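Taking it in order: structure first as structure tokens, then the write-up.
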């Protein structure tokens, strides 16, 4: 089986030959992969190098925890990959949305529709967990929607501001 | 619902009225019972007394771990209890079997068919986990079967000796 | 014994913990080790929390928001009466530094495991505290009176010179506090501090303090009994902060030698004596680069970071608090306190260090604690526990001890790597990055370091993208295969999957 | 540096651990803290064991039985060569005290983290050990030559007077050892000891020793570098044993004062010097009721119970072993070693204390470790791990530290209560019962105490039958309800199940 796997903007073409061997971007690896049933605990021996991980599927992505670092991985088999290619290589919709990472109250909004913003610019302040939290632009672009105002109470994952890329 | 529950030779008649109340042997208790989904972890507030437990079902019995102590509990609803009563109050078959608690090799057998034994008498020695382990009679009675000889290799739970009660 | 300043000490055998989370667990453990019966209280969100399961008794006190449960004095006192608790330990946060709560306990004949109400009151008012300790000869940071209006503060700042710090009179833990480096930023900062202080403490009075730059936050742990004995247990280095929230603490400090420790300790004792302090307390100092130190504030309660002091002194501070509240004399004199080895604490928070440290909520699916020699974890979470927005974002405290600072640091690195938490994002990568950094290793940092000179982007450790990609792909592949096996049940794969089959055989 | 007696010391950066379980984890942690790369080996049963997952590299070495994997010298050396490991740590058990293995390592240019092969050989032969240390002025227990036939031994025993101890020359850890109190029991005991020794060590030579009654088992931990420096790290009290398996160890000992500690320590150092000992080792003594002590044997390896010494001295013994093997000088002199506080270790085994301590096998379904102040757990198991009959039954070591023995005992009681293991039976109830017993609390016990004067039947703690009955019933009731809900899906219960519904809402 062939898979197209991406993590942190790197894409890997991974072909699983059989239980003990796979090929990543053309390079062959001897492997031994074990995963506990009903638990995310997994162990990979990659050419005898030992890698322990906790693996969980969440919202269609695979979260992989290795040595304290959490990687969010997208795995597509050939069919899913071709379909995605056919739909165009654009990043998925919603990449310019600023979400509320937790429920809370909007304290301030620092952008309005039509503003040009750069990635990392502050767009709003959300009070939650007894702290004021700054929400920032996930990419460069133009603000097309502002769904809140100071005092708005928001649920987790609510879209607060939408920024459209101009490229 | 009414249940007949026994643990360590004590039997309790437990009637569950609703979520927050039950009656044990005629005595009413205010309770709050919570159990994590997919895990044995449970918490009981019994008249505000807090009892934490891990609960697992195994072979038709409930194992309950409280403060380091493991209790093996039998819970029967009214129907099951009546059926068991109808079948007679005798202890279940197999109570006189001496089982191998783990796989291993029989080193010695100290009883033969027809021997009278007392509860706690040594009946065989099983070597396993690098140790010699003494197997003892679970009750007074007469040896009716000896299924092994020195050198026998046995699986876990294999019946090694059968002792029949004479009462 | 009852004193006029709002202190009651007496032997007790049942204690109520007016708190939750890891600190409730910490206090429960100390009580159980001393044979004291315990009473927990819980909000809706905390029914399955460890402190509820671990206590001898537990009482529901209301909805999840703290102001409807953990902050309601009447509910706490009501449970104390119902359960027959003779004492209350407030932990930190919530009601710990509310003088009226301490007084209410005493008025109801309940021992408050903490200082006299009067001492909480004086030290809780930043201005009164400054005046009181200054009178006792304790050096303080220059600043304004409280209650000035915005224009007056802006004028005072111009005189004082920037940078300055806007501080809420009722503040604490970084809330209602804002550093200001340029005059033009001051009005916004005052507004933000007032807003935050009003929201957090119901009081928007602020004042200004001269900001000591390149300063370290060094604090002295004190123990005082009700018989007039006060000792210091050495210092803690707490300079590594972000938005005035401590992130990493250690004991002893890299920059404090025996002479400075003694001088700071004696000043701290004098500050405590100035308010007739009793029980555990902490004097926070700023230490400037010339080793001058200034009183910052007194925390009239147990600190989050108390474990590092416990590890280097061998003294169980929470047990001592309970003994002091029972009216006992201190078991140690100043000469008995010896600092041995080195301890470091990392606060593990549910927040994303790669996304501006935004808090992360969700259900914890995996929690495997590091263990082995020299590692201690104080936590109040478990797999199945939900991090809610109702309470703070601390998951646990990871504390490592070593004979030397180097050993403690290397052990911390090892322990961080061992720690497995899934379900929420954590700041473990921040800590990993920090303990690998040259400046941390060489002890060269001040209170501004994390915010101004530390970035998660200068990654120096190895990354594991390839391994993550392979692992996710194999997991997805296996999931797909199992799904198809369920469809084609009976047509079971009998290929030579050597280990898997062995493993599965073992599991039967 | 290579010595004629089979010792090689040299700096190394990659080490193979020829072991499994908690001790493999202990060594891995020490290596990672020192920046040493690690290589694990594993049998079929151990593919998912923690030591495999935790090491940097891992190699499969054969089937589950140790004699086909962990005991096969060639396989271990082969992995060392393949992986480029420059050193091997043997842990305890398996190959740890096989002189030929230590020699094979050295012959292959691999550092053996342990003593010279010659010292292992001499101390491993109980008789040669006795003669060697006696010549160095160390007091020994009276006994026979080895190699006598049964009749000669029976005659010797009659002369010596009962009780006597039958001991295998190659024995250790209680295997191949039998106490005999009456002449008529001697023939059976000799036969059993021979059988066990043959099975365990492939050698059935036994000898007799006079049995010292009402004796304590006290051992001295030693560290020796390759430059001729030998120090002792105080004693451990290991009298609480069952069938010569230690169950609870502590440091220091209730009955050893500073003078006795110094005398025993100096004798232990002399014994080690008699064999040019290098690295960590332990001299086991019997201490009779008049405080006379007798050499029992030397364990030429790391001991299971080393953590109690680590906690009271602050010295990381495994890290010291690695430094010594790298050829470094000891970092401590005898004067630097200070005993502070008290530490107790309980060995948590998979066995049923209510059923003659029969080992219990099965899959561990729950493993929640105790934590908080003063608690250390060294373990090699996790939920999903199977306790197999292939290896010993130890699940973990629970170690508690306190300022005083009382504090350590109370902490142990607390920690035992917190520990949650399900899936196999454990001896936690034994430990709970022991730490509550009057004799343990007052330190009044000897090596025969557990077997002759301790019974699980004299229960003194509270039991929880009622609670267990209620909990099981509620769990069964809920299971039944959920089953019927699945049947009647759509007809969802909407009654006022207040907490449950809230709890479930939180989980979404």
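Here the chain labels run A, B, C and D in written order, and each chain numbers its own residues starting at 1.
Simple rule for what comes next: contacts are C-beta pairs under 8 Å (C-beta built on N, C-alpha and C of every residue); 3 or more make two chains touch, one makes a residue touch a chain.
Keep in mind it's a predicted model, so treat the numbers as computed, not measured.
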{"item": "From the options B-C, A-D or B-D, the pair that copies A-C, where over half of the contact pairs coincide", "value": "B-D"}
{"item": "Between B-C and A-C, the pair with more C-beta contacts", "value": "A-C"}
{"item": "Separation of chain B from chain D, taking each centre as the mean of its C-alpha atoms, in whole Å", "value": "31"}
{"item": "Approximate Å spacing (C-alpha centroids) for the pair chain A, chain D", "value": "46"}
{"item": "Per-residue overlap in chain A, given as positions that touch at least 2 other chains", "value": "32, 34, 37, 39, 41"}
{"item": "Chain D residues counted as touching two or more neighbouring chains", "value": "47-48, 54, 382, 417, 499, 503, 507"}
{"item": "Of all residues in chain A, those that touch chain D in their complex", "value": "32, 34, 36-37, 39, 41, 43, 45, 48-50, 52"}
{"item": "Residues of chain C that touch chain A when the two form their complex", "value": "175, 192, 195-196, 199-200, 243, 352, 355-356, 358-361, 365-366, 389, 391-393, 416-417, 419-423, 425, 428-429, 432, 463-480, 495-500, 503, 507"}
{"item": "Residue numbers on chain D that touch chain C, as the complex places them", "value": "25-26, 29-30, 32-35, 44-45, 47-48, 54, 307, 310, 314-316, 318-319, 340-341, 363, 368-369, 371-379, 382, 386, 388, 402-403, 407, 410-411, 413-414, 417-418, 499, 502-503, 506-507"}
{"item": "Residue numbers on chain B that touch chain D, as the complex places them", "value": "1, 3, 5-8, 10, 12, 14, 16, 18-19, 22, 24, 29, 31-35, 37, 39-42, 44, 46, 51, 53-57, 62-71, 73, 75, 77, 101-104, 107, 127-136, 156"}
{"item": "Chain A contact footprint on chain D (complex, rising order)", "value": "40, 47-48, 52-60, 83, 382-384"}
